[in-house]
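Before I ask anything, let me first share the structure, which is written out below as structure tokens.
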Amino acid sequence: MAEALIETEGLTRRFGALAAVNGVSLAFEKGRVHAVIGPNGAGKSTFLNLLSGELRATSGRVLLGGEDVTRASPDRLSRLGVGRAYQTANLFPDLSCGDCVWLAAQSRLPSSMLFFRPADRYPQVGVRAARALEACGLSQRRSAIAGQLSYGEQRQLEIAMVLATEPSLLLLDEPLAGLGHDEALRIVALMREVAKGRTVILVEHDMDAVFSISDSVTVLVDGRVLVTGAPEEIRRSAAVRDAYLGGEVV
Amino acid sequence: MRRQVLLLAAAVALAAVAFSGDRFWLQFLGKAMIGCILAIGLDLLVGFTGMVSLAHSAFFGLAAYALALLTNRLGLVSPLVTLPLCIAFAAAAALVIGWLSLRATGVYFIMVTLAFTQMLFFLFNDSPALGGSDGLYVQARPVNSRLAAYVVIWVALIAVYLLLSRVLRAPYGRVLEGIRGNEQRMRSLGYPTRRYKLVAFVIAGATAGVAGYLDATLYGFVNPAQLGWRQSGLILVTVLLGGKGTLYGPAFGALLLAFIEHYGEQVTEHWNALIAALVIAVVLFLPRGLAGLLHGNPRG
Amino acid sequence: MSLSLFLVQLVNGVEYGLLLFLVASGLTLVFGVLGVLNFAHGSFYMLGAYLAWWLSARTGSLLLGVLIGVPAMVLIGLVVERLAIARLYSRDHLSQVLLTYGLVLLFNELQSVLWGNDVHGVNTPAALSWTMRLGETQTWPAWRAFTSFACICIAIAMRQVVLKTRFGMRVRAGASNAEMVEALGIDVRRLFSTLFAAGTALAGLAGMLAAPLTTVYPGMGENVLILSFVVVVIGGIGSIKGAFFGALLVGLADTFGKVLLPGFASAMVYAVMAAILLWRPRGLLGAAAEGR
């Protein structure tokens, strides 16, 4: 069994009386694609927010490479190699694609407290940005304004931005939501590429995609882990089918 | 290209005034250029980083008072000594006030900067030792002739503009843009955004300090009214009027406001209503300011 | 400090705080529900005071002045909301600050044109011009007691309205999620107008009550406005309870500050605010920061 890059111990987040995530203990193996699925309201997004530092846990721990990062801020986690792509477009709407990815790439400089040399004289940043754009098929759209891209292209840009930060752990939050069939195929292919050499935690509703690229699947229901296993086991599980009352067909 | 030409023309025109030696114009445009420096510094904060601060006048006033006190109490006059000291003082104040204010976000931040500005106003207004509501005379000015002061101000304006332009083109400037566009995303990309905002606040405070120093030099007089939120509000007006987020726009906004204030006073005693109407009209109908008119499709 | 002096300042501080509460409550609601930062709020306080003076001078009765003045303030609030504030609902902070700043300048000129720049005294109604004895040496003017009493009644009434009525429920819903309220089909325009008018009237009423105490003078709204902002910051945006306790705190800090540290009295309040923000960046009772 490969070592866990990130694991949670009894991770819990309450909102008032409601425990959106309740005592979740999971270990995510390095270099694998892990899907987290579950019916609506299962706590998947909350779980992801806890991992990316945007929500603080009520109790429990998050360990990254053995280090306790439960209280780490989002920016610290990013610098530790955690990259988060968002479900709804979370870009810089007035900047061009190139500039969006540039900012993402620039974050890998030891510090951006640099005041005198123009930004484009930092070639290492440009190279990283160009590579990310290329990997996501957006090289031609470099000067297009992010806010004016098509929905599918915005998804590509989301992923490009995360890639430009050279993460070791990728948190993907419903990257296929709202996409048409062709666009979804394109993003799935992209995800498969991007997953090579990285650890991915994927929250998704699109079951075809989940089963085609995941190495392991965890099912969350009402904030708790129902079962974790290989895609085939999950697909055949009666318990999982029951959990999806009238939801996705597994 | 249009922009470069416009800026060059303005710089040359302002320089030409120095040769005329006309007392009124030297004083008037000297003051107007100080307003430009204030506007440019505030644009860095408001237009480029998205931080609406009402504390800008506080740093202006602090530097002005610092000069008055340095010359009156310590006998320090040389600009080589007093200028760096006053800027450092304004920057230090900005560091403290900025650090405290940035504990708050969004609208709380604006209100906190307002409260600190008022605090400083009262501190100076209520202290007889600091001149009270009458203010202080600067007994010995670092620069003695009106003409020399004008030239110094002109040089300072160009220098501040070029310096800030440079900073905005550097990686730091990109970060500010990102913060303005989507601060939360910047954090998730790994930037500790509060630090960058604090630096922006200090840079703006330092430029306000330069303006305050020059103002005290030009007029030889400092008073608490320069520190209040009304003053900060007017500087914000010039930023919006000229076009926020362009750096040069607010400078023109400041020039325009200076002319309107001056001629407005001559036309009616209720010229404040004129300014009010202008402000309201700009907010409602010309939110991108003059620079917006120039560009046709400006950044918003 | 002697005990009687302490008690007097305590009473003064509470009185001041209660008046501030009237002003701040409108400000915090307008900001919490309508999402608008309104710098002109202090102008409503001033307008209320001027109206009270002008009407009481004309009619000989401050009470009549208040009875006419409050509806007048409601009307003014409705007009300002429709013409100016409504345009700010989806605009950024800078626009809100500047537009309302423009309104402040406008109202100041209006006041100057209509009523001139002199300071005016306002007489308390004869019925309330006596003083009560408190202990051996201290007295308490009846008008001030009445004012405090009125503020407390209004605070209680507000609490009842907010907690127990449907209107109050919409206000609370709007304070936590204005978009949702609209999506639920509630007439948000009417809610906003009403709320703004109420806030205006409250500020105006505070001005009317304060007029005999502070006299009526140009720029009187300014200091109250800033202090109201301090109250809102301390108490948390959108929280009436926060505004209440914040106002008391500010009133007491200001009053005791003037007595203990005369040179730094005005600065004292802001020092308290800074201290509170260091401890609780969202205000004492503001929404707790989610995660970060």
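By written order: A, B and C. Residues from 1 in each chain.
We adopt the following convention: contacts are C-beta pairs under 8 Å (C-beta built on N, C-alpha and C of every residue); 3 or more make two chains touch, one makes a residue touch a chain.
Keep in mind that what you see is a predicted model, and the values were worked out from it rather than measured.
Q: Have a look and report which chain pair racks up the highest count of C-beta pairs in contact.
A: Chains B-C share more contact pairs than any other pair.
Q: If you take the mean of the Cα atoms for each chain, which one ends up farthest from subunit A?
A: C
Q: Based only on mean CA positions, could you tell me how far subunit A sits from subunit B in angstrom?
A: For subunit A versus subunit B, the centre distance works out to 43 Å.
Q: Mind checking the centre-to-centre distance between subunit B and subunit C? Centres are C-alpha means, answer in whole Å.
A: Computed value for the inter-centroid distance: 31 Å.
Q: Report the inter-centroid distance (CA atoms only) between subunit A and subunit C in whole Å.
A: Roughly 47 Å, centre to centre.
Q: Which positions in subunit A are in touch with at least two other chains?
A: Answer for subunit A, listing residues that touch two or more other chains: 54, 73-74.
Q: Show the residues in subunit B shared as contacts by 2 or more other chains, in ascending order.
A: 187
Q: Identify all positions of subunit C at which a residue touches two or more other chains, and write them in rising order.
A: Answer for subunit C, listing residues that touch two or more other chains: 292.
Q: Under the touch definition given earlier, write down the residues of subunit C that touch subunit B in their complex.
A: Residues 31, 37, 84, 87, 91, 93-95, 97-99, 101-106, 108-110, 112-113, 226, 229-230, 232-233, 237, 263-267, 270-271, 273-274, 277-278, 281-283, 286, 292 of subunit C touch subunit B in their complex.
Q: Considering the complex alone, what residue numbers of subunit B touch subunit C?
A: So the residues of subunit B in touch with subunit C come to 46, 52, 54, 100, 103-108, 110-112, 114-116, 118-119, 122-123, 126-127, 187, 229, 233, 236-237, 240, 244, 270, 272-273, 275-280, 282-284, 287.
Q: Considering the complex alone, what residue numbers of subunit A touch subunit B?
A: Those in contact with subunit B are residues 52, 54, 73-76, 78-79, 84, 90-95, 99, 102-104, 106-109, 112-119, 122, 125, 161, 165.
Q: Would you mind writing out the residues of subunit B in touch with subunit A in their complex?
A: Going by the criterion above, the answer is residues 166-167, 169-175, 177-178, 181-182, 184-193, 195-196, 199, 299-300.
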